[in-house]
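Both complexes shown next keep chain A, but they swap its partner, so chain B is in the first and chain C is in the second.
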Partner chain A sequence: MTDPTSPAVSRRRLLGYAGAGAAVGAAGFAGGMGTARATDGTAAPATDRYPFHGRHQAGIVTPAQDRLHFAAFDVTATSRAELVLLLRSWTAAAAAMTQGRPVGGDTPLPYDSPAADTGEASGLPPSRLTLTFGFGPSLFRDADGKDRFGLADRQPKALRRLPHFPADALVEQRSDGDLCVQACADDPQVAVHAIRNLSRLAFGTAALRWSQLGFGRTSSTSTSQATPRNLFGFKDGTANLKAEQPSAVDEHVWVADGDDDGAGWLAGGAFLVARRINMHIETWDRTSLREQETLVGRDRSEGAPLSGGTEFTKPDFTTRGNDGRPLIAMSSHVRLAHPSQNDGVRMLRRGYNFTDGNDDLGRLDAGLFFIAYVRDPDRQYVPMQNRLSRDDGLMEYLQHTGSALFAVPPGVRRGGFVGETLFA
Partner chain B sequence: MTDPTSPAVSRRRLLGYAGAGAAVGAAGFAGGMGTARATDGTAAPATDRYPFHGRHQAGIVTPAQDRLHFAAFDVTATSRAELVLLLRSWTAAAAAMTQGRPVGGDTPLPYDSPAADTGEASGLPPSRLTLTFGFGPSLFRDADGKDRFGLADRQPKALRRLPHFPADALVEQRSDGDLCVQACADDPQVAVHAIRNLSRLAFGTAALRWSQLGFGRTSSTSTSQATPRNLFGFKDGTANLKAEQPSAVDEHVWVADGDDDGAGWLAGGAFLVARRINMHIETWDRTSLREQETLVGRDRSEGAPLSGGTEFTKPDFTTRGNDGRPLIAMSSHVRLAHPSQNDGVRMLRRGYNFTDGNDDLGRLDAGLFFIAYVRDPDRQYVPMQNRLSRDDGLMEYLQHTGSALFAVPPGVRRGGFVGETLFA
Partner chain C sequence: MKHPRLVAALVAGVSLPALAACTDNSSSSDQGDGRTLNVTSSDDACDLSADSAPSGRLVFKVRNTGSKVTEFYLYAADGKRIVGEAENIGPGLSRSLVVSAPAGKYVPACKPGMTGKGIRSTFTVTDSGKKSNASAAVQQQVDDATTQYHEYVEDQSEQLLDGTKRFVAAYRAGDDAKARALYPTARVHWERIEPVAESFGDLDPKMDAREADLEAGQQWTGWHRLEKDLWPPRKAAYTPLTKAQRATYAGRLLADTETLHGRIEKLTFTVDQIGNGAKSLLDEVATGKVTGEEEVWSHTDLYDFQANIDGARVAFEGLRPVLAQKDPALERQLAQRFTALERMLDRYRVGSTGFVSYDKLSDTEVKALSDAVNALSEPLSHLTAAVTL
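So, the complex of A and B:
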């Protein structure tokens, strides 16, 4: 396989393709997050591709791309060597695909064996693809507590199945997994291509357990992005952590040395909480705007808190209306989820809207695929979700159908592989 | 409801939104296909939105947008008046949404009743949304042959369930339907928003029967578009009918007066063939490039026929290689599907790639949602599909799991409604 850290040739150039869109030239990897540098002297657009290597994995504080394909895998191999081989193989493929190059690099296509890359992203630009990898609790110990790959003593204390929350209706085939890959890109064909090729490379070592497509981001992770809307029609994630707040990101997202004595390998990484949250949108659509805004605690048009102001005005939870009741209801989502009501904890949310066809009654199978990156799920997610599941008025319109927790290792050094610190 | 033909105010402007992307101004409806005209004197980009009204429905020869949400409905109401009311209501909503306006027009949001629009497309540009409506055979006669809405004598002769093709593995919940809506847009959130709001308007009159999201177009319908790739990694639809060939479109797509004595109302419309075609991509990915190219009849990189040349070179089905066998195999897809091998019949294809999660064995539920517009399915689709299903070597990697046929009425006049000619 060609060294994925050598100067990249885009899929477009490689194939001599001259379709619509800006042609992208050879780009180096030296730039920081979001600054691809063209080696031929012309500046490539900063948003065309993100470096794969770095201190943290891309796809976390990276400005949220528009489309998602998320996949969880079960490892079927039994040896640690096979697992490491898979991670090395995934690393090389991810380093290539995120830069717009085919799996297998720029070697000519073979003719009498299967092609290294499945080809459906040929001619497409990198589309800001990021691939973010994580390890589930079951990778460390199986259901009987057995150490599967000699990793049990390195399992982070917080890395265990999320507890049962009130009203959870989890589907096993949409939950958990030994490994996960979050593929985000501007073009869904590029994200799907990535998951398909990683799945293919895993053949014989790991099998796809579940996967989820998302079509519209529901959070901004950069102040340069407008706040998107969820399928309730409301702006979502206004108070989200943003990449432009590095000290807050350090405090709330990145695991630090010393956070967990046994899991120093995770420093520079994070925990990933995934929840598939179905929305009963047909019921929601029959409620009045007043009821909807009361439940959310913000107005729908602008996203301003009901205590007044504009979208980014801090909610005032104390102000009462003429009727003596708080303008932002006690059971409103914005109140229950707000950092000021949760000991100051914050999360970096990175979720997506989804629609997966419909059920037999003609109701859309739709909702929010919630993704959050946190430094400590026991402190930053579990207490808040317990509270939301119990008290949030929105819960009447929600059903959590999938759940997973993963430890996302730090970024990959050149020549290294995903999760290398865990196996060191 | 505000007259949807009045000068449009975009959702973006309506909400005073100033996010990323080009702001779109008020646009008139006077332009032809693809030429939105700004009434404030500045030219809006031609590709920002397509007119809803016209001689033909938009979404057929319109340059294929990147994303799809397709929905089929069963009419639950029993009176013709209710059916017409639904079509009028859908017409007004479609005229608004395709121009980037909310359902219900620009009226202030009510407060103590449900909002007319569900809101998740607020702030998004029109995204070239088109909504294309069709009528299934079951709208005319039920399974017992009973005339449901006094339309039986106007049922086009060719509008009946497609025959069983060899190897069909159809799923009832993915097939047929009384009504269909094809929503295409550059932004999937805009397409999903449209289907959801049409589904909502249908409450009590029609229920969603099945729906399908597609993330990547697999055909070009304009010479201005590059040929996309399907999930086999090959360019698809090279020989497709294009909008720039109006006489060929007239000959092969639009139903003409006199085509069917009983169904003059369909003149200016077309038939829509929908087939959900699963691809066994894991098996495909394990075959050699040679085998793949032999099955397709084109090379993968460029899409050139194996008889030589470039993508748009006409395939030469007579040339033989040194081994005496045709360079383009007898069972290759390009040969079996080519107009020259099918009495010159052509189709306007408008399909999309899909991925709907995975099965219990970890195989992606993925493939091609085939859509084709034809003047006469009995002549242009059925014979070819019989031949493909029987002889095409690709069939080893394909499984047809859904099927439907619809009659797509002509375009809507200002003040009229979708399918008006059928009810006249």
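So, the complex of A and C:
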């Protein structure tokens, strides 16, 4: 099926597309899916893909890939059996796609049938694709509080629609959802292919409610990664949790046994906060560097806190300048968001920059698609966001247009399906 | 305005794989079980990677390494009856043939140059214990399906002609209220057989073009021209058609409908055309009706919506006995999803035959309808392959 000399592959090579190439080398490209099949099941570790099965779902502490396609679905079916069937078919498709294999296997369907896989990822490497699934509050109870699938008594206490934060301008069609899938990959075509095929498998059981493309990760989730910049031009997520801090990840990300007695199925999982945050790019770009750095609390070139040092120097919120004011302003983002100012709570941020073209006035429809994984949103997200929405000077340049909270079940065992513990 | 794929892969009564078996839906990951065969068709040889396979769903991956266009056939033991075929494989190309084959002897053949008896060999399918629930009755069911569908199309065409006559008479007489009432109900018969009507590439643009479909300089005639005259735009300046113009446009529509009717009487149908026709009808709903683009002036889109579904349902019901034998799970799923979509549409009925105006639907209602269309369309896209396999 895969022809290494196919135009698609050649084109990408000519363009010097980086992606997984740096890690994988030419063999990864030329081999494409063929390589994926050949090496599947052998002991040689592959660097262009992550295992789908495991204790936790991939795509959380996994080093953040370059591209995102995030999708939220409404379940249209009414039976629990249909819902489980969808999760099983999603699991099989995800296990294949993350390893660079097509949906539905390699055996062709009849010529008079549409193909099982939509085909646009054929010849591309797995591109470190991860697919991470979550359940929204509306999966458990509908708007009237009615139990939809016999799951209501297992709804985690913290899994509720996020409260209204000051200055929220949420669009219903960009918010909430019964199910979510976070697709991250180093190639946008691989991420979009995954969401497209999962949507296709869902027809009749769940319908796409909203989806968001993201380019350019805005966070590092591994110390091996340099801190990227958001569309304000500043380094973002310097103080993020990293995969190399397992005890911190255990403390702040993974739900533990006993966290919520009614929702033991979520142990080993996490909560996912998604916020679509538009940036007023044009007014920001007219703002003096002095003002920008004051609002952020870091310098733009290095990302160092204004109290001094380098990027990873701990901010000193007490140091004052010659005017007697703190070098890191009281309303600065870094102060308001810093763990030391928030009872020590931390989050694992995994957001992406986005640009959805422009609005009717010729302004970029752009910003940050914020994603954070936390163990308890009521403690780790809601108080901090209230504070930021109320006091953060940056809010003048921000508008939250989408919002969702999902419970992300633990990892999938071989032979099992995603979310299995919820239905057990 | 697109054309249904009139794939001649299977002609009812001639090449139906009457003994084809039904296998389960898990077509994936069959590799390595001996049911995938590689066929290399060169200009002077036809090499198969094995000369036998266990019974079940077999895949012949045919690769044309020769310089001529080739074909691959799998004949029954008599060397005459076609079990399956892959046609028109250009040099260098590959194509897969999927068949459900019960145990027995077969004759595979490559036909480089597409002529003659082909380069033949023998092939054995051993009994793997996989059950075949095919029956000789399938052939009769196929014949029934094609006959019934032909009768349905003819009947709809007749009603279309009749409805058009009455609509045209009211319109020409200047009885706009009556013409507006007759417009959607006459068109129902067009929409029920839309892929058939659209297959006549000369008539379709004359009869069913929307204003937005036209190219510069093209004259606009047909249903939607009259629609705009009966539901003239309120905001933009619009010059109503004169009595003479009305007579001209109405006369043409009627004449074209008569031509269509004459041609439809001569048509015959194959099961793949019926299956693909059902899929095309749902495509029409998804791209034109659920978006309100078909009837931009009258907003009678839900009449067309229901009519497209009616036509697809008739096609499905005709093929249902065959499908029930070949893929009962798909048969059940399609029946359920047709019913779910019909129930949803029923909410928008007014009186016995009418529907609410499309512009009264909320965005949420349109989304729900669209979701239900997708829910049906996805499995429906597998109908043709399921009944022809």
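Please note the rule applied: the second predicted complex is superposed on the first by the 376 of 424 C-alpha atoms of A that agree within 3 Å, B and C clash if a C-alpha of one lies under 4 Å from a C-alpha of the other, contacts with A are read in each partner's own complex, and residues count from 1 in each chain.
Everything below uses one rule, namely that a contact is a pair of C-beta atoms (placed from the backbone, for glycine too) under 8 Å apart; a residue touches a chain by one contact, two chains touch by 3 or more.
This structure is a prediction, so every number in the text was calculated from the model and none was measured.
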First (chain B), second (chain C), both or neither: which does A:L231 touch?
first
Check whether A:L213 is in contact with chain B, with chain C, with both or with neither, and answer first, second, both or neither.
first
Mind working out whether A:G204 is in touch with chain B, chain C, both or neither, as first, second, both or neither?
second
Once the two complexes are aligned on chain A, which partner has more residues of chain A within touching range, chain B or chain C?
B
Examine A:D147 and indicate which partner it touches, taking first as chain B and second as chain C; both and neither are also allowed.
neither
Quick check on the superposed pair: does A:G357 touch chain B, chain C, both, or neither? Answer first, second, both or neither.
first
A:E396 contacts which: chain B (first), chain C (second), both, neither?
neither
Determine, under the contact definition given at the top, whether A:R290 touches first (chain B), second (chain C), both, or neither.
first
Please indicate which partner A:G105 is in contact with in the superposed arrangement: first for chain B, second for chain C, both, or neither.
second
Pick one for A:D343: touches chain B only (first), chain C only (second), both, or neither.
neither
Shared chain A surface residues [contacts with chain B and with chain C]
74, 109-114, 200, 203, 207
Residues of chain A that touch chain C when the two form their complex:
74, 76, 104-114, 116, 200, 203-205, 207
In the complex with chain A, residue positions of chain C that touch it
7, 9, 27-31, 36, 59, 61, 86, 95-98, 272, 275, 333, 337, 367, 371-372, 374-379, 381-382, 384-386, 388-389
What does chain B use to touch chain A in their complex?
15-17, 19-20, 66-67, 69, 73-74, 109-115, 117-123, 173, 187-189, 192, 196, 199-200, 203, 207-213, 215-216, 224-226, 229-234, 281-282, 285-290, 292, 300-302, 353, 355-358, 360-364, 366
